[in-house]
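Structures given as structure tokens follow.
In what comes next, chain A is part of two complexes: it sits with chain B in the first one and with chain C in the second one.
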Partner chain A sequence: MATSKTPYACIGLAVTLLVWGSVWGLFYAPAETYMGDVQRIMYAHVPTAWNAMLALSFAFLCALMSLWRSEMAWDNRLEAALEVGVVLSALLCMQGAIWAKPTWGVWWDWDPRLTTTAVMVFAFGAILALRQFVEDPVKRATWSAVATVIAFADVPIVYFSVRWWNSLHQLQSSPETVSKAFHWPLRINAFGILFLMIGLISLRTRVAALRREEELAPPLPETAPRRAPIAEGARS
Partner chain B sequence: MTHLLAALRKDFLLQWRTRAQAIAVYAFGASALLLFSFAVGPVAATLREHAAGFLWLGLLLSSTLTLAESFHAEAEQHALEGLLLLPVAPAALYYAKALANAAALSLMGAALIPVMVILYDAATPRVPALLGIVLLGSAGLSAPGTLYAAMTSQARARQTLLPLLLFPLVVPVLLAAVKATSLIIHGDPMGQIRSWSLLLVCFNVIHWSLCGLLFERVVED
Partner chain C sequence: MNTGVIQGGWEFVWAAYAVTATILTGYGLSIFSRYRAALRRRSAAGPGVTR
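The block that comes next holds the complex of A and B.
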């Protein structure tokens, strides 16, 4: 088992970038004209959204590779990417709710992107639950890969169906769609969360690999049974 | 095609022999429709407005019972392994089971319509259109539902896992079917039924192809 220091280096770099980007965004970047300080949540919210999608896309790639190559290494990466993707998506929903209350006046709205993200949390979270209920590691790997492929293929359909149903959310934010004054904290935090995601996925893959090794290890040989001591009465 | 028809005949025969259970699931769906009315109160206009949503929620909840039981016979005494030993493509087994499930759900949906009409006063003269949406929606529930039922029938806590996996996935089916049914009941001045039906068709095309492709990997030992 490789014990490379790279994941820790990634997390260290991520913390540095996140502190730098957040301090810049909170104290040095100007407040937005209409939303005021509430807009500053964008420096965490938008990078979380990008990286959540990236983590789940990586999970999809791992699922395809796991089905194609049938190697446990891809299942370990799939487990890690799913967990990190679900956590980031759940965080995205929470940050969105915190931003929505002062801006839209409600914690939640049935907007396409919000609803699609919530559906993603439940769809990919259910795959993590499925993994807990399958003992056979080979079946677990195949089934979770199949479920990931289906769930990922469903995301665009969910998005467009909910978009037809209702829409309120503004267009995607990116450095091109926001004022130049907000660029740098957004970019720095995006890379911060990217490195955090890479570090966490690497570490979680390592944990998953150790668990698989334990599961797939042959059972220990049974020791010879001890002979029961002969009772005093029986000896005579 | 011969294999598919033989497997389909087997699945229809299984459903016919377990028809008492189908009647129990139907009673569950009808009682769910009755209970939904207590959630919004006895105002006739409100009940009529939400009739389509209640119908599809009733069918969705009932579908988990139908789908979970569809692999019950195969899960017992390793019957599925026996089927896989036959010179039949696993995809034929999947499509037969999914078609049988779609037929069972369509029948249940059609049988729940009179209950909806009586309880919520949601009558419509456009019965063929409504049956068409029931057919498309049931097919949409059946395609991923059959694949997940095959998985969960071999796992622990299958009754919990199946809805957990299926419900988020079928959000587009639920949305499109509820909207289309509602437009059929309340009128469609803007001609939107076509778009919602198209969404159901797209969902079906994608999931029937994808799940048919992946089924072999789910049941392989």
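The block that comes next holds the complex of A and C.
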């Protein structure tokens, strides 16, 4: 198993970028014309959204590779990407609720973007729960890969929901839809969460691999047979 | 007069950043502790034994 320091380097770089981007976004970037200072939530919310979708897209790739190659290494990566993706997606919903209250007047609304995001969190969360209930590692790998491929259908729906339906949520944030004054803190935080996601997925993959190693090892005998001590004179 | 511009709101900004920092730090620490525990279990099993 790889024991390189790369995940720690990624996490260290991520922390540096996130502190830099957040300080810029909170104290140096201008306030938005209509939303005022509340818009500063964007520097945390949008990078979380991009990377949550990226993590779940990586989970989809791992699921396909797991089904195609039938290698446990892909299942380990799938487990890691699913967990990181679900944590980022749940965090995304919380940040969104905090931003929604001062701008929309409510913490939550059954708007297409919010509803499809909630479905995404629960669908991928359910796959993680499913993995806990299946003891056979081969069945677990196959079932969770198939479920991931099915659940992934919701990810592009989440992304395009603001274009396809009449939504309270603004359009996707991109260099075309965000003023230039907001670009740099947004970019820095986006790379910060990207490196954090890479570091966390790498470390979580190692945890999954170690657990798999434990599962696949033969059980230890209850009482190991003891060898008779060798008498000193009998050695030669 | 209502100008359509949101006034204040820093408490929401701090709340969003606090929630983000808490969840990401907590989750990172949870992965790290699970990794350390798994390594400890493996080394306790002895060389060449994976259980």
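In this section, the second predicted complex is superposed on the first by the 208 of 236 C-alpha atoms of A that agree within 3 Å, B and C clash if a C-alpha of one lies under 4 Å from a C-alpha of the other, contacts with A are read in each partner's own complex, and residues count from 1 in each chain.
Convention: a residue touches a chain if its C-beta (ideal position, glycine included) is under 8 Å from a C-beta of that chain, and two chains touch if they have at least 3 such contacts.
This one's a predicted model, so the numbers in the text were calculated from it and none came from an experiment.
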item: Partner chain(s) touched by A:M94 [first = chain B, second = chain C, both, neither]; value: second
item: Touching partner for A:R40 - first (chain B), second (chain C), both, neither; value: second
item: Partner chain in contact with A:K139 - chain B first, chain C second, else both or neither; value: first
item: Touched partner set for A:S161, first chain B, second chain C, both or neither; value: first
item: Partner, of chain C and chain B, that touches more residues belonging to chain A; value: C
item: Residues on chain A lying within both footprints (that of chain B and that of chain C); value: none
item: Sites on chain A touched by chain C in the complex; value: 11, 22, 26, 33-38, 40-41, 44-45, 48, 87, 90-91, 94-95, 98-99, 101-103, 196, 200, 203-204, 206-207, 210-211, 213-214, 216-220
item: Residues on chain C engaged by chain A in the complex (per definition of touch); value: 4-10, 12-13, 15-17, 19-20, 23-24, 27-28, 31-32, 34-35, 38-39, 41-42, 49-51
item: Complex interface listing, chain A residues touching chain B; value: 67, 115, 119-120, 122-123, 126-127, 129-130, 133-135, 139, 142-143, 145-147, 149-151, 153-154, 157-158, 160-162, 164-165
item: Sites on chain B touched by chain A in the complex; value: 144, 147-148, 151-152, 154-157, 161, 164-165, 167-169, 171-172, 175-176, 179, 195-196, 199, 202-203, 206-207, 210-211, 214, 217-218, 220
